[in-house]
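Multiple structures follow.
Below are two complexes that have subunit A in common, paired first with subunit B and then with subunit C.
== the complex of A and B ==
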């Protein structure tokens, strides 16, 4: 929650684990790292028990690089695959009960804003499609309607991967799963459309096929959530177990899905765009580029 | 016994694409040595998903990463033993295939 939490007490330094020492000395804290530098610094994410070749893990790993100030960030999550990796980061993680992630985050953000008026603290909700679109749906929508200033990231694997493959609201129509043998009968929920209706300040849809873009999307969303209002990222993170994707083909699948129905899309309110340009003037041309991408993918 | 990824450093050192380090789902598993300009694998963290192999073959088109039986690697680099110390990577004994040594 601040650099002080990371410092080692000199008397206890020799008892600290190798991993902790490496993180303090060669981690990204205080020296922001780029995606192209991966493999040359100690990452916030440690070893984790998620399945081999999981695209969700890749997305979480890239998220940790995108966070503008990891030392001032708190993660909120709930039951689901994502928490297996999120708990293995050096960022405080709050394990909400099913359905209340965005309610917990609302209170947390307001409390932190009161307690630390000078230092902006970022609250990031990361949960699965089940946790946000099905079970936590009302809390998500109401946090958007109340314009709570935090980021909601949906790890959309289009299935309840952790409990054996039940269909979720975000599963595609017709998808046959272990616990949905007849195929899903209804359409995939349009969370982007719902976010638009709720006037969310920054909405993005992304697949982990372009690591730099994932990190910059996260960065923009967290920065906008500090000042302007709620932000939402919907990320396609395929479940290679429930959708039986051979692990070497996970990225091929992500590319296929991206070109078929999950293209990169970014919707920013004018206020949010002005704010981003005011804090990062150098990135102006890039913001224009993403605007044109949006119009291409939206059509 | 099980398979782990292994980088052919002679091919990798000729390029600077670093794509495998960006697409590996495991943290600090494909490391990058800036001095020798090559990626290498922390064998103890590799879960053998082969994403790096498909990235290196199809996206980067270098074919520098192969899946190898763990018993066939000499001096495997293990992050849990060595820790994350880039300053020491230059002097460390490189992991290599046992078959390379024999030939």
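== the complex of A and C ==
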């Protein structure tokens, strides 16, 4: 970003809103913030029209903290709940057509590379399970096969939340939803497996139960996409409305789903691991993994 | 031909990535940037005898294109293959084959939003497949160039020339030029970039040509030298800023009217679309300046006038010559270069004395006839004859046009 864009004209400074001043003076641009500092700095996303208790919103806030260089990031999304929050971030956001995210991101990333040889520009797709696994499936898979250098983040609420609760390919088998009145007839799509098949450089499955881990996962994914190749994060971001999860129980649900079938998983190519270690040498030997964690190194 | 094949790779051989930027000492690296005015009007030109696809290639060679995204479909494939060869030679900075046309039209939208000069091309079914995206480009105010090599879109499946697809594009907000021949295809494609990127235009430009008749046939094309190229795109002087996080983004791209359902959102959408169509109209002065106007008029004083676009113009031109030389009859001709903006004023002026107007077309639906009727309604008492029309790959013999002009005579065709 040209930081001049953010700067307030001295003559107008006193008229600028508190929110804007905070963004300039206490925002994360050019000075990365940690999850533990939440509440002490102006977040990229604060006000939004998402439902009360929405896990997706928490996940998106954490994602914004994980971005290594928000001042050089462009977000790409499509129809779905996520864009209601993404449009309110103070980062350029492209709201394209239905299911076009990974195609748009391919052209955008390559176009930016022709213009900015020295300054890496990070492109991050954030869209729902319907947007990525159903209508955008072809574009997602081909962007992976082509080794496009951007990050794809699936906000997997296992339902078409924004259109009112229809079954998606990522819905669990048997779930009764609109357009699945007898319960979904087939298994949840294995997007992680497909990402492996496409040799995606970094793949992670995550829930918002561990905020620091969400931010670090995003950070790794964006850095690896910058240098190595496509990265994919599949995040469980429950829809408390369509799945009738009481608002105070949203995180309990996330913990239950995490331990039952959505455990943290990280798959990294050797090249990606070497790159990460080259830019951020390990500070200390890795702690023993907890039971819900699973780390796999792809060949 | 050899140069259409790009980089030769033998089976089993490791593919070597072609250079992304013009390597030092290459012909591409020696290209000199010149003004559009110099490129279009002042540079010396030499005559070449080339196909329409080759004419497009020569335009792209001189267009200073940053990124081109391709997908094969007959009869377009040869052009984008040749653009691939240009990339391999360093004339184009970035190039790849996309997954299918919805993906390609989306990707080129991303490329345009990055601020890069962007090109793609398609034909018939490919245009229809990408139409959801193509119809959204103008509202996104994305300068880019789409080359269209028209072919049959309807069943039964056919690859033959037929331009029914343009009927679907007409009301999308894209600027649309229809090239008559190889020379037009070269000139229109090159000029389209400059018109597309003008600040008060900032719109995609489609340059259509009839498949095979022009793309796969040779014609004479006057070419400026290959060691010059157009000035690069300047994305910071357009109606909508580039999405590069170097300048504040346009609010509309992040806070689309879909976010809300209230009277403000309705008016945002309405005024935005009015502005898109106003921008289409504002391109007129550049079409006049760079392309010699939205129309070319021959014999405007004639009682009978043919109004045509694309290949139908060439056939009509020949029919006009035959009528004059063989029959001693003077027939008028209006060549429509620009379908959007449509030359309403120009047509009213050119046809003000006409008694009969013919609209020959290479499609079944007669979209140009409807356009002409709409433009002249209330401004002309002429009979506006729908045809002759051919489609599905049938050619349009000049005698068929003459038969429509002189129904009492008998022509063999």
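As a convention for this text, the second predicted complex is superposed on the first by the 274 of 299 C-alpha atoms of A that agree within 3 Å, B and C clash if a C-alpha of one lies under 4 Å from a C-alpha of the other, contacts with A are read in each partner's own complex, and residues count from 1 in each chain.
To be clear about the criterion, contacts are C-beta pairs under 8 Å (C-beta built on N, C-alpha and C of every residue); 3 or more make two chains touch, one makes a residue touch a chain.
Predicted model, so just to flag it, every value in this text is computed and none were measured.
With subunit A as the common reference, the superposed partners subunit B and subunit C fit together side by side. Of the two partner chains placed by the overlay, only subunit C lies in contact with A:74; subunit B stays clear of it. With both structures placed on the common chain, the touch criterion links A:22 to subunit B but leaves subunit C unconnected. Judged by the touch definition given at the top, the superposed model places A:63 against neither subunit B nor subunit C.
Residue contacts after overlaying the shared chain place A:157 against neither subunit B nor subunit C. When the two complexes are overlaid on their common chain A, residue A:138 makes contact with subunit C while staying clear of subunit B. Panel annotation: after superposition on the shared chain A, the angle at the CA centre of subunit A between subunit B and subunit C (CA centres) reads 130 degrees, nearest 10. Contact with subunit C, but none with subunit B, is seen for A:91 once the two complexes are overlaid on the shared chain. In the superposition on chain A, A:35 contacts subunit B only, with no contact to subunit C. In the superposition on chain A, A:216 makes contact with neither subunit B nor subunit C. Superposed on chain A, the gap between subunit B and subunit C at their nearest CA atoms measures out to 19 angstrom in whole units.
Overlap of the subunit B and subunit C contact sets on subunit A: empty, with no shared residue. By the touch criterion given at the top, residues 18-19, 21-22, 26, 35-36, 38-40, 42-48, 50-55, 57-58, 61-62, 211, 247-252 of subunit A touch subunit B in their complex. Chain contact summary for the complex, subunit C toward subunit A: residues 66-67, 69, 93-94, 96, 98-100, 102-104, 106-116, 118, 132-133, 136, 243-249, 253-256, 258-259.
Against subunit C, the residues of subunit A that register as touching in their complex are 1-2, 5, 49, 71-74, 76, 79, 84, 87, 91-100, 103-116, 121, 138-139, 142, 146.
Considering their complex, residues 18, 21-28, 30-32, 34, 39, 45, 47-51, 53-55, 58-59, 80, 83-86 of subunit B touch subunit A.
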